[in-house]
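What follows is a pair of complexes built around chain A, which joins chain B in one and chain C in the other.
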Partner chain A sequence: MTNPEKIALLEETWELDEGTLTEDTVLADLDEFDSMGKLSLIVLCDDEFGKKLTGETIKAFQTVKDILDFMG
Partner chain B sequence: METLAPTRIIDERFGVNTYIISASGHAFIIDPVLNPKLKESIEGISIDFSILTHEHYDHIYSVNELKAEYGIPVFCGESAKNGLMDPAVNMSRYVDFLKQYIPFGTGEVDSCDYSCGADRLLKNGEMIVWQGHKLFIKETPGHSKGSICIMLNDQYLFSGDTIFKEYPTATRMPGGSTKAFKNITEPWLDSLPQDIMVYPGHTEPFMLSERYNTNH
Partner chain C sequence: MKIYIGKREEYSSFELLQKAYWIRYSETVSEESIVRNSNGKPYFKSLTMPFFSISHSGDYLACVFDEDEVGLDIQKIRRIPQIVIRKYLHTVSTDPVQQIFEWTKIESYGKMNGSGIPTEDDYDQGVFVSTSELDGYAITICTKSEKNQAIELVYI
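Let's turn to the complex of A and B:
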């Protein structure tokens, strides 16, 4: 999956308008990256990419690119 | 027609409300969570079926036990079918994370991979006639994809986690949809008589007009 496709998935998961996110978007600036947003991300990574996200890993994410890199 | 009074049994673990509706020596159950209180309440009663308001683990985690011990058929909305079977969708896999944020119950449940099945899938708009009473099934997406509300005799609304009095609807959980809630569920709720009683999946019953409404 390409990075734009992963970003589209993130936007859909967080109910954001298309084009809201870029690789450089800072997660701390996103209202959607709250507890429910993090849970949705955990499920997305598990379901779509077969990757288990831990709380520690989430804490280390700074930007959208960090998430894309984790997705692989 | 005889007046029905739902019996509410609260399961402390997630604060889930189970309702028993009885008529003419028969009964059905909504969101059956087996605990000593429920077992005592259904002793000697013929339970015809149970209905799940949605696919989340806190509302379904007794389904397998209920079927094995009591042989009670389980119904759910068509759109909840996959969630019942998928631990990632029914959230059983993420309970340890999720329970930090659930404002109900003691949270004395741990993550696991739980799945179960339904014996019958209810269609949107379906009417079930039971013991001379009418149960109207309405898909109410928003909190989850498979959420339904059950209207009994145009009198009682069993809403699962679709609406509460003191809390906004959690539409941002995985499988939830703020858009579906606003476009499908809220207009339907607005179209109902506002003086009907709502029996939610957690917390106290209330009148529909009292529901938490972000538009108001």
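Let's turn to the complex of A and C:
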């Protein structure tokens, strides 16, 4: 999956308008990156990428690019 | 049951806890007085001190004290991602507000037990009390003590 496709998946997961996110988007600036947003990210990474996200890993995410890199 | 509410722009979680504790018990608490169990749930180290729970969402932080295990969740009312609804919500309601309240029940129960997100079968203990008194937010506490079930919001 390409990075634009992963970004589109993130936007769909967080129910954001298309084009809201870029690789440089700072997660701390996103209202959607709250506890529920983090949970939906955990589910997404598990279901779509087979990757287990931990709280510590999520804490280390600064930008959308960090999530994309984790997705692999 | 009193829920202490503060603005996130004014307080950190610990600062809110500290101020609320002072208001409630006229005593100060230090960060060293708090320990976490193996699941990461925070407690006061002293057995003579109450249980507590803290939550934040949107512009607000909230905390509550109780004589028994307690979980608190505050959520800004917004649409829940479908991926979360499909996986975790037990309700059949399609009303976003009802779904948020259901979510706060799940979170508060998990925080009370310190066991993460419960399944539907796990709802075997605890009393849920919810309020929408804070405009635009859903708040639910889950407690094992069956008294003091009326919620009073205290803005600090």
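Everything that follows uses one rule, which is that the second predicted complex is superposed on the first by the 72 of 72 C-alpha atoms of A that agree within 3 Å, B and C clash if a C-alpha of one lies under 4 Å from a C-alpha of the other, contacts with A are read in each partner's own complex, and residues count from 1 in each chain.
To be clear about the criterion, contacts are C-beta pairs under 8 Å (C-beta built on N, C-alpha and C of every residue); 3 or more make two chains touch, one makes a residue touch a chain.
Computed from a predicted structure; not experimentally measured.
*Asks:* Overlaying the two complexes on chain A, which is it for chain B and chain C: clash or fit?
*Replies:* Overlaying the two structures gives a clash between chain B and chain C.
*Asks:* For A:Glu5, select first, second, both or neither according to whether it touches chain B, chain C, the two together, or no partner.
*Replies:* So A:Glu5 meets neither chain B nor chain C here.
*Asks:* I'd like to know which partner A:Asp31 touches here: chain B for first, chain C for second, both or neither.
*Replies:* Touch status of A:Asp31: second partner only.
*Asks:* Of the two partner chains, chain B (first) and chain C (second), which one does A:Leu39 touch, if any: first, second, both, or neither?
*Replies:* It touches chain B and chain C both.
*Asks:* Considering only touches as defined above, state whether A:Glu15 meets chain B (first), chain C (second), both or neither.
*Replies:* both
*Asks:* If the shared chain A is used to align the two complexes, which stretch of chain B, 63-71, 171-179 or 189-197, clashes with chain C?
*Replies:* 171-179
*Asks:* Find the residues of chain A that appear in the contact set with chain B and again in the contact set with chain C.
*Replies:* 13-15, 35-37, 39-40, 43-44, 47, 55
*Asks:* Going by the contact rule set out above, which residues of chain A touch chain B in the complex?
*Replies:* 13-15, 32, 35-37, 39-40, 42-44, 46-47, 55
*Asks:* What residues of chain B sit close enough to touch chain A in their complex?
*Replies:* My answer: residues 88-89, 93-94, 97-98, 100-101, 170, 172-174, 177-179.
*Asks:* Going by the contact rule set out above, which residues of chain A touch chain C in the complex?
*Replies:* Residues in contact with chain C: 13-15, 31, 34-37, 39-40, 43-44, 47, 55.
*Asks:* Quick one: in the complex, what on chain C touches chain A?
*Replies:* Residues in contact with chain A: 40, 57-58, 75-76, 79-84, 87-88, 103, 107, 117.
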